[in-house]
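Structures are listed in the sections that come next.
Both complexes below contain subunit A, partnered by subunit B and then by subunit C.
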Partner chain A sequence: MFKKRFLTAVAVILIMTGTLYLLERLLMPKHVSAIVEGSLIEEYYKEEKGHDVIFVGDCEVYESFSPITLWEHYGITSYIRGSAQQLIWQSYYLLEETLKYEKPEVVVFNVLAMQYDQPQKEAYNRMALDGMRMSLSKFKSIRASMIEDEKFIEYLFPLLRYHSRWSELTAEDLRYMFRKGKLFHNGYYMRVDVKPVETVPRGRKLADYQFGKNAYYYLDRMVELCKESDIELVLIKVPSLYPYWYDEWEAQMEDYAQRHGLMYINFLELIEEVGIDFAQDTYDAGLHLNVTGAEKMSVYFGKVLQNTFGLEDRRNEVDLSRAWQQKADFYYRMKEDQYRELEEYGYLKSLGARPPESTAVD
Partner chain B sequence: MKRLSLIILLSLLLTGCSSGADPVSGEAPEGAGDNGPAGYVFENGGVAIAMHGEVEPILQALGDAMEYFEAESCAFQGMEKIFTYSGFELHTYEMEGVDFVAALVFLDDSVSTKEGVYLFSGLEDILSAYGDGYTKTNDMYSYDLDGSRLSFLIENDEVTSIEYLAVTE
Partner chain C sequence: MLFASYGFILFITVLFVVYYLIPRRHQWKLLLGASYLFYYFSGPENLLYIFFTSLSTYMVAVKIDAIQKNQALFLAANSGRLSREERKAYRALVKSQQRKWLLLCLILNFGVLAVTKYTNFTIANINSVLRTVGSGTQLSFWSLALPMGISFYTFQTMSYIIDVYRGKHPAESNFFKLALFTSFFPQLVQGPISRFDDLSKTLYNEHSFDIQNVNRGLQRIMWGFFKKVVLADRILVAVNTIIRNPDIYQGVFVFIGMLFYAYELYADFTGGIDITIGIAQVLGIKVKENFKRPYFSKSTAEYWRRWHITMGTWFKDYLFYPLSVSGPMLKFSKFSRRRFGDGLGKRIPVYVSTILVWFTTGLWHGASWNFIVWGLLNGTVIIVSLECQPLYDWFHSRFHVKHTFGFRLFQVVRTVLLMSAIRMLDCYRDVPLTFRMLGTMFTRFNVSTLTGKALMGLGLGMADYMVLLVGLVALIAVSLLQRDGSVRNKLAVKPAAVRFAVYYVLIISILVLGAYGMGYDSSQFIYNQF
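The block that comes next holds the complex of A and B.
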């Protein structure tokens, strides 16, 4: 009698857990055909590890470097652990988590995120956190990231947050319930479209140009983490023209890098040297680089990485070369597909971009 | 009985406990789309511009902008637009396909606040127009009213920046 009851209870618990799991898989946003950036973080776990270089940071970093180009030109293996408006504590905890899987030679952090001292917006938190595997690093990142109305438990059990999506479900939610295809290139988000820079808004005056204590706290921790792990940390500011990068911010980063003996490169000062042409190399008028811009940045930066840190050219490793050839094939296939789509529609419809006429001034 | 409890649990989960729209696809902030002038309002040529107000009728009344800039927020979280008119910039944010006023920034002293403060006015002009209910961050004096913030930056005893901002809770 007791045994029967026990088995029934176990069966009920298993069925309930299974049902909740299936519901969660169904209801969580898939980020496959729109807002694909929401899939960036989770793609890392499927990758072979052992990268030479790990990039961490916000959209500026996942749009500015092509790991395929770094491989093809220098035999450097790299991965970008970035997400949209990724805050510095999210970058820190992602790095902490990454170091559980692998130990790169160099970590590169893009410093635009220093402008945010406090959590900003749930949508961006979700894009950085939902894709992370359960770990202590994830829990700490959630704690650091939540805005006022958010609940920790809704990050642990996303079904509690997304249950109301049942009325918005589409065929895509079923199709990608358990499995999604690869969308990125070692964390690089490819865009081949072009929208030239015409004007750049001036920087609005700020009450306080000092980066916040919280931002510095996590930068200090990142420095410490890399030092303990015997990893070179490089700070960069990629050459995006907007949001505005203030001279006062630049001075703080130069000073910080000098005090901590870090390499800091502000690519805004190297636009000509890198060869960035903002009539061709951006897909949104100067905020993000497109694929031609990212490839130029990678050719330039790869040389810096190789010369400064003596990263080995690994193209003679047979298995590695074979794996990267597959990545390159996927890269060029996507590039061709995007150019074809651009030719056909005039914009990247499959990525949820807007048709050019819808964004023009009336 | 157990089947019943399962159904109840699932029903609660699907219909009940929280929390609003999908956070990634976005939802309108409090105050968005309130068209009636509220909070601090800027006026130019008889056109009232309130924070969180819908932009379309304002643009129609103001006419063509001298300059225009638009930027898609990261991961399609809305289009940010900046319209430059003589003396000021109008910044917008987008929610559910509609543009709302996000900020208004003075560019020169050809425009003033409704209460008569210009760029290059003094602190005493601000205090006599708005009183002492400000919050101060370094040299920035800010006044909050009904979802709007009016900020003045004082440098060398002069106002060097005036901004209206839409405040979201």
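The block that comes next holds the complex of A and C.
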């Protein structure tokens, strides 16, 4: 009798847990054909680790560097752990988590995120946090990121957040319930389209140009974390024309880098040297670089990394080369697909072609 | 802390576990601590109010009880020495002493309720009068927050003190036990209004873990959550769209809003009570039922015997009856019979009491003219029904339809529509607007404006309407099943697979279909505000 009851209880719990798991998989946004940026963070876990360089930061990072170019030109392996409007504490905790998987030579952080001292929007939080695997770093990042109405438990059990999607499910939700192909290139989000800069924006006046205490707190922690792990930290500001980068902000970053003995590169001052042409190298009039812009940036920055930190050229490692060749094939295939799509429709209808499952690099 | 919140679910889960792990003699103490913690989350300052009400009620009850015991002792000791007149005079003296203490307690506790709930309403009315007479003076409003559940716990403690005064039961000698009776958290949010002699039978007892009781309680909690978060909070969006835009939504939309609000209020209030009774049942405590399929009522009077039952009986026992037999009312009754004869003359005092009770019921529901008019309309409908009784009798003597299904259905539909129409006073911002909107149901009732597009414009999608329709069918089915006894009893004798399928569907429905979390304006239970 007892055994029967026990088995029944176990079966009920298993069925309930299984159903909830399936429902969660079904109802979570897939970010495959719309707002693909939501898939950036989770792709990292499918990768072979052991990268030389890890980039952390917001959209400016995942649109401004092409790891494939860094590999092809310098034999540097890199990965971008970035997401849309990724806040500095999210970058910090992502880095903390990344260091549990691997120990890069260099970490690169884009300083635009210093402008935010407080959590901003749930949608961006979700893009940065949903894709993270369960870990202490994720929990800490959630706690630091939540806006007023958000609940911690809804991050632990996303079904509680996304349950209302039941009425808007599409075939895509079923198709990608358990598995989806790669959409990015080691965290790089490719866009081949062009929308030239027509007017260079001017920054509106701010009441206060001082970066917040919270932002500095996490920057300090990032510096400390890298120091403890014997990793070089490089601060950069990529050459996006807006959000506007103020002189006052620049002064603070220069001062900070100097005080902490860090390399800081403001690419806005190197636009000509890098060769960025805002008539061709941006897909949204100066907000983000497109693939040509990202490749130029990578060619320039790879040299800096190699010269400054003596990163080795690893193209002679056979297994690594084979793996990166697959990545490059995917990269060029997607590039061709995007150009073809652009020609056919005049815009990127699907926001990036997807590789056949068989050739996906996992 | 809202019932429909993660915090509350965590709170009761921890409580259930700890409750059955600690020594049973400490269970009621744990409940007191949990109740005060629950109340603390609604605002720490509110603890002062509930503590004050508990303390004043306790002290006065103990005093009245002592007076009663002394009286009994005195009379027993002097049984042979006092004449009948002397005993009568002594009893009257003692009764007067008790009455003074009772009055003190009523003034103190109703005073707290009056000050916190009605001060600004009074000021608004005074200001309105001052404006009307052209005075430039305006009184400032007080910034007083209404303590959660104050109407409920004040009524509960007042029923306790009156019952002690009436000698129905002795005073509770342990202050902390009375404090638990006052603050027992599941019913603090929206009732029911328990009586001490009912609740105390199980509130302070030692309860061992009874799997059947716990199961039944959990079933009731789930059913309550289903009604609240899947149905009430979903239809709330459409109701709000209609009532907040009276310039746009008139005529047929007022009718739709009226039906939707009837649905929302039923699902919300009965859902909340299901959760309350379910939690108490898991704890081994029996709380009175507050609803008995009210939408199946065939008259207004019957409706009020089946809707918010504990409130109705409170007003009946502690206001209507005492008022009806009070000195002034008896005098008025004599006058009325002399003036209008034995028929109408007898009924008029009853009607006056009815109107006074319904005026108070309206005022209890909220400090606004909307609620007062709502109460008066309910009283008026009941009186008109009673006055029309001879007409009904004549009709039924001519047409033998009384026991036909069609006529009963007509009575049910009529009662629901009438109650729902009066209840629209809850919704619109003032009384004239409510009547104007109800008027448009007759002057601008154009069904052709009720298109699919217009319905979607109320903030609900097709999927939401489907959920609400299925929910409505489930509510009706459960109500019909309840006519022959408890649905949970019926479920208990079904095979395990059927039982688990029902739980499974309920849990999944709540989790997936529930209108909760980010993106939803999660609402408090409507009765919280009272």
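Keep in mind that, in the parts below, the second predicted complex is superposed on the first by the 351 of 362 C-alpha atoms of A that agree within 3 Å, B and C clash if a C-alpha of one lies under 4 Å from a C-alpha of the other, contacts with A are read in each partner's own complex, and residues count from 1 in each chain.
The rule is simple: a contact is a pair of C-beta atoms (placed from the backbone, for glycine too) under 8 Å apart; a residue touches a chain by one contact, two chains touch by 3 or more.
Note that this is a predicted model, so its numbers are computed, not measured.
Enquirer: What is the contact status of A:V12 with respect to subunit B (first) and subunit C (second): first, second, both, or neither?
Expert: Both subunit B and subunit C are touched by A:V12.
Enquirer: Quick one: subunit B or subunit C, who's touching more of subunit A?
Expert: When the residues of subunit A touched by each partner are counted, B comes out ahead.
Enquirer: Would you check which partner chain A:H163 touches, where first means subunit B only, second means subunit C only, and both and neither mean what they say?
Expert: It touches subunit B and subunit C both.
Enquirer: Using the superposition on chain A described above, determine whether A:L23 touches subunit B (first), subunit C (second), both, or neither.
Expert: Both partners, subunit B and subunit C.
Enquirer: Does subunit B (first) or subunit C (second) touch A:E122, or do both, or does neither?
Expert: The answer is both, since A:E122 touches subunit B and subunit C.
Enquirer: If you stack the two complexes on chain A, which partner ends up touching A:I153: first (subunit B), second (subunit C), both, or neither?
Expert: second
Enquirer: With both complexes superposed on chain A, which partner does A:Q326 reach: first (subunit B), second (subunit C), both or neither?
Expert: neither
Enquirer: Which residues would you name on subunit A as touching subunit B in one complex and subunit C in the other?
Expert: 8, 12, 15-16, 19-20, 23, 122, 151, 154, 159-161, 163-164, 166
Enquirer: Per the contact definition, I'd like the list of subunit A residues that touch subunit C in the complex.
Expert: 8, 12, 15-16, 19-20, 23, 27, 122, 149-151, 153-154, 159-161, 163-164, 166-167
Enquirer: Residue numbers of subunit C touching subunit A in their complex, please.
Expert: By the definition above, subunit C touches subunit A via 6, 461, 463-464, 496, 500, 504, 507-508, 511-520.
Enquirer: In the complex, go through subunit B and note every residue touching subunit A.
Expert: 2, 6, 9-10, 13-14, 17-26, 59, 65, 67-72, 74-77, 79, 82, 89, 105, 137-140, 151, 153, 160-161, 163
Enquirer: Which residues, counting only subunit A, touch subunit B once they are in their complex?
Expert: Subunit A residues touching subunit B: 8, 12, 15-16, 19-20, 23, 29, 31, 34-35, 37-38, 58-59, 84-85, 121-127, 151, 154, 159-166, 168, 198-201, 204-205, 207-208, 242, 284-285, 287, 352, 354, 359, 361-362.
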